[in-house]
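Labels for the chains are A, B, C and D, by order of writing; each one numbers its residues from 1.
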Amino acid sequence: MVGLPHYLIVAAIMMCCGVGTILLKRNAIGILLGVELILNAANVNLVAFNRYNANASGNLDGQIFAIFVIVLAAAEAAVALAIFLNFYNNFSTVDVERGDNLKG
Amino acid sequence: MPGVGKRTEPPGDASASPWGFRGVQIRQVDTPTLMQRVLFHGEPGSMAGLLWNVALILLVFLPFMSVFAMLAIWGERRVAGRMQCRPGPNRVGPFGLFQSVADGIKLILKEDLIPANADAVLFRLAPYLAFAPVFAAFMALPFAQDFTYEPRVSSGLFWILAILSVEIMGVILAGWASNNKWSIYGAMREACQMVSYEIPLGISIIVAVMAAGTLNMVELGKIQSGGIHTWLICRNPFVFLAFFVYFIASLASNKRAPFDLPESESELVAGFHTEYSGLRFSMFFFAEYAAMFVVGAIQVATFLGGWNDPFGLIGYYHAKWSKEQFDMGLIALNCIGSAIFVLKACGIVLVQMWLRWTLPRPRIDQVLYTCVKVLLPIACILLLGGAIWPLIVPDTVGMPWATYNPWSVADWQKAGATGALITQGLLAILVIAIKGSLIGWVAYAWFTRKTVRPRLSEAEPIAEVV
Amino acid sequence: MPLPALLLLVATLLPLASFVVLMFWGKRLGNPLAGYIGTAAIGASFVCSVIAMISWLGGGGSGEAHWEAGIKPIAISFPWIPTGLGISQQTAGYMDMGLYVDSLTVIMFAMVTLVSTCVHIFSIKYMEEDPRFPRFFTYLGLFCFSMLGLVIGGTILQLFVFWELVGLCSYLLIGFWWEKKSASNAAIKAFVANRVGDFGFLIGFGILFIYMGNASLPTLWRVLGSAGQGGDIAIAGGVVFPATMLTIMGIGLFCGAIGKSAQFPLHVWLPDAMEGPTPVSALIHAATMVAAGVYLVGRIFPILTPDAKMVVAIIGLITATIAALIALAQSDIKKVLAYSTVSQLGYMVLAMGLGSWMGALFHLITHAFFKALLFLGSGSVIHAAHHEQELPQYGGLWRKIPFTAGTFLVGVLAIAGFPFFSGYFSKDTILVHAAMFARSHAEAMHNSWYWLFFIIPTGIAYLTAFYMMRCWTLTFAGKPRNHHLHDHAHESPMLWAPLVVLAALSIFGGKISVQTMLRNTIRETAAICDTQGKYVGFDTAYQQHLPGEVESMETSPGEPAGETAAAGHPDDALESAHHLVLWYVTGAFLVGMGAAFAIFVRGYYYTDKLMQFAPFRAMHTFLRRKMFFDELYNSVFVGGVRMISSLCGAFDKYVIDMVVNAIGWAGRILASISGIYDKYVVDGAVIGSGKLAWSVGAVARGLQSGRLRGYVTIMLLSLAAGLVVAMALYLR
Amino acid sequence: MNTTLAILAQNSAGAPDGATALINTALFYVFAAMAVGSAIGVMVSRNIVRTAVCLLMALLGVAGLYLGMHAEFLAAVQLVVYAGGTLVLIIFGVMLTNNSTFQLYRPKRLEVVVGSGLVAMLATVLITAILRSGMADRVVTSGNTYAIQTLGEALLGDYLVPFELISVLLLAVMIGAAYLAKGRRREGEGQ
């Protein structure tokens, strides 16, 4: 049978992939995709914990959190893309390595 | 309505909330459906259930969809011909019915080209991404009360809309992977058009759902089973208007004319599928015609009473025979219901085709203007109205219409019954008038075909016209 | 939902709909069409209100049948947002939303929608040349919605919300011609003055909320209905609502009314508000919004303590007096009307304070009709005179604009108390009740000063008749003083049609069943509070033709003896007071009118003569400059702030700066000493450490690469390290 | 998707027999493989549009996992908001910011090595932590029926304030994004 650790491990791997995406991509939008992946992993965790929660049955708090996270992710993507467009307007590229004007 | 003073219980208590008359019972998941009862004497075992599902998909839905798409393509060409005073395809088979088969054979035999600079993987993936969601949407379509692939999804309507929204990715990828300027223009247009029209579409659906109180497609059908005045479109004026908003938005989100900007041949060659040929090309067409059927079917199920006839006979007999466990009768009833459902949906598809050959195509900015500044405000106002309406005229939703007799004086005494009946009656008359004129138009065309035909075959010499 | 409530709800929402439509599509609809839409919406509202009224009256009859049928007012509320615990609550409460419909609501609806409809029709013509024509109707729609929402609202919170909304509309409309500096200033002044009042409202509401939560109106009356007896009140949960807090709460809520109804300390904004378009003055600053204050006091009347009522009465008395005096000397036609409005509002508030609930609301309704009439009439005059508002420029206009002159005269007669016009009845009611109050209290307290509560209002009645007739005479009678203006004056049916409707109501408004419905309201209040026939919070002595309380007099020993006596034989006391007052009112009318006509029929001829008399001239200047209230407020508040800030400035400049300078000077000397030390001893160390820091920085800034992925790497490493540590500690 | 939902819904009833458990487990592994595989695809693929497609697949896989956990509404939200909305938005972003259609930004080899090492380390640590935490004993307690009503009432009841806040946030985001992305021309480009 499938248990809680199964879901957690899937989420953990997805989260690692998301982090890896952030690490390995130079394209700003790729990084955004990595962030989305991490958020999804978190969502899987939330729903899984909700489902395997011994204390409250019939309580859907985890799913509601997940819905909020999805909405926030959509909002975040919109703002991030707007920022990237601005970045693109200024630097003609979305390579995040170029965004180091403030470096020490 | 609750009386004066403060209530201490949380507003979660449905019976006490201002919208508290909502009492649609959600069907328990573990009730076996009729077909399961008849075929397996109850819940089937897992392997049997799996086989049954696979058989349903392979033997019913896939053939239905393909045959429907082919017939629809044939029908569209015939309708177009009729509208432009020419015969349309009439050579292959009776009335040219096999024209689509012939075209299909041609398309299968054609070389499957992939442009040299295209992204080959995505180029191959795109048609399936466009096709699969539309097919998946058949999952919750209620052909009849028991002839529904999965009747127990508690948010079936939302599911269909959600799955349909994935279709857009296929189109975008097709446009992008082709590495062709016109394709990508088509894809971008498709993307912004579909994403923006999904909003009024969803809101207008919500108006109907608020009047019904459920998202389950079968429940939606069941509460509309009491005759034409119980169809959701007649339930209140806001749903009536939402019907039209939904229709327009569904045209656009389906990239049907007049909103067929993504493939407008006068500007973009063929839009996002410019580079496609052979079977992949036909996949897009299958997807489009199946999607036409799906949005029409959603419209029928949410607004036009689903599988029910206008007199409520199916609902009545279904309730009666369910009580008597008359299974064969139920199956016959379901067959009739499915036929009615498909007929209604085909009616909607016919109107979509009719509009395609009637209306000119707007510019893309006009399309988006229509959505954001016209349809969206209207939909929002309808949503507001739809939310306020049940406070004013308590509907009798939740009372099974089979047990509710609108003609008995005792039932008039129920809260809001009079107001609801008057509204529903007036709207029903309106709906009958609209439908009647539509049917009358078709009948007129049918009966005058003899006088039209000479015009079709013997066109006047062009020189004289000029 | 019962039919009247439903209709009233629809009537409330229709202007909102027109507001929304005009807001989005107003500009496109353009000049006449936007006005027609607004008018159609409010007209439909009016129709709804009238049908609601008919159905309400039909639901039990307007007479005793209604009472005996036991029909309760419609109170619908449902919980909205969960809130925390109040003082006396065991469970978390809710912010409620609700409707409350009783006879008062119904009649207010009819009044508000009728006046609004008239004003809308009038505005279509009046504003036709305005470039922002659609926006005007947008604001009017919002205002009508807010006002109707205020009237139908079932909880104090709702009252407050709509209260602020009407305030906003008033601000927008006063400043409608914001290009005029005076208009935008007036808008800001009105807004600020109202905020001062609303601050008090918030304090009162806060006290109420702590004790009661956001209770609906009937709950409020049921629990706090005995506030009128002046003692502490035990509310649920064993908590006592102290009388002092009750008084503070009452005065606080009344502060809101002071702001909105332009009572004494905050009355200055209303005359300035005449900078707005005249229909706005008619609708908002005469007929409806300013009456909202009185309406609010009417709604909270049962929970006012005697002390609070006395404050209300005194404020009303002061307002009525000074406004009437100032109105004598104003030369701007709208200013005269504005001060007359303030004075009449003072009358109503005074009546409230004296316990004459019915008199106040009766006067509110009748006043709304004739004041809207007067303002629209003045609008017609101003329109005819090409936006000239000064009385000295008018004269003899009745030949040119006869309908306006006639209807204006009707309005003047009504406000002055011409017998059997509407104003006569309402003013008579108030004065009768004032007389009863004065007599009973003077006898009970052995203090003759209480008679001032009767004498001064009577005097004001004389003044009212005088200045209104002065206004009419200077405008319409006599010879034209500005011939150019006179020659071009004209009027149109669009302008005088609403005037005729309002004039008819001004004449007959006193005889329609307003009083009956107000009496019914009191009974309905008792019915919904379920007090077995006791009239919660209302003094039966002052409410004509109400049967006395069911309980015998011995059970209420707290009341003053004189009032008990009056309550025992209400009809006798009424009768005698009535005879007394009848002559005063008629006399006031005759004397005031006659004097004004005699003096002003020849224009300024006689007044110029009178002006040569120095004390008279001084008094005239005093009144003409509005008793120097603006100057007073300017000097006290603005000047006070300025003075304090200049004091602070001087303190800064001379004391602090001096200290700072001295310190600086000393520092300079010290610095020059230490500079030498610095240069040779410290610098070596500093430069050395600086070089050290620089080389450390050069190494460290490599970390701050500005590279996102570098940061993520570091984060990741720390996360992994933390996880390892956590695992080592907790997951053995 | 079609089959799986039906089977999941069907077999959720009553005590699962052996075959049901098998099918459930198999479906879990299918979707988990889809999610994880596509996630890895997101990490390794160079082409940004392919990355987005991989993300789409991962999202679909996660939606399948939700179904396995009887969160069908959430799965539908995932499809409609993420797959149908956010991802389209992102692809829009890709198309608006690419100079040439197939432009790639390659990381340096050292970065790749270090990054993969780090990710592998993190994954190891996380998975070890999960396996050692003893959460395998947790059993499913929430019922198999899924009432969409419960969710709605929670959203408009206990979570009303966050719900309203979210709506305000979305409004702010809409305005903010529109303002930020307002087309400002680069300098030197033709006005």
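Going forward, contacts are C-beta pairs under 8 Å (C-beta built on N, C-alpha and C of every residue); 3 or more make two chains touch, one makes a residue touch a chain.
Everything quoted here is computed from the prediction, not taken from an experiment.
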Legend entry - Partner chains that subunit B and subunit C have in common: D
Inset, instruction - Name the chain pair with more contacting C-beta pairs, choosing from A-C and B-D. - result: B-D
Legend entry - Averaged-CA centre spacing for the pair subunit C and subunit A, given as whole angstrom: 53
Inset, instruction - Give, as an integer number of Å, the spacing between the C-alpha centres of subunit D and subunit B. - result: 28
Legend entry - CA centroid of subunit A to CA centroid of subunit D, Å: 8
Inset, instruction - Provide the C-alpha centroid distance between subunit A and subunit B, rounded to the nearest whole angstrom. - result: 34
Inset, instruction - Mind pulling the residue numbers of subunit A that touch at least two other chains? - result: 19, 23-24, 26
Legend entry - Interface hub residues of subunit B, defined as touching at least two other chains: 10-11
Legend entry - Per-residue overlap in subunit D, given as positions that touch at least 2 other chains: 73, 77, 85, 89, 92, 111, 115, 118-119, 122, 126, 133, 154
Inset, instruction - Within their complex, state which residues of subunit D touch subunit B. - result: 1-3, 5-7, 9-14, 16-17, 19-20, 22-23, 47, 49-50, 53, 56, 60, 72-73, 75-77, 79-80, 83-85, 87-89, 91-92, 95, 101-102, 144-149, 153-154, 156-158
Legend entry - Residue numbers on subunit A that touch subunit C, as the complex places them: 19, 22-24, 26, 31, 96-97, 99-104
Inset, instruction - Over in the complex, which subunit D residues touch subunit C? Could you list them? - result: 111, 114-115, 118-119, 121-122, 125-126, 128-129, 132-133, 160-161
Legend entry - Residue ranges of subunit C touching subunit A (in the complex, touch as defined): 697, 700-701, 704-709, 712-713, 716
Inset, instruction - Note which residues of subunit C are touching subunit D in the complex, please. - result: 81-82, 709, 713, 716-717, 719-720, 723-724, 726-727, 731
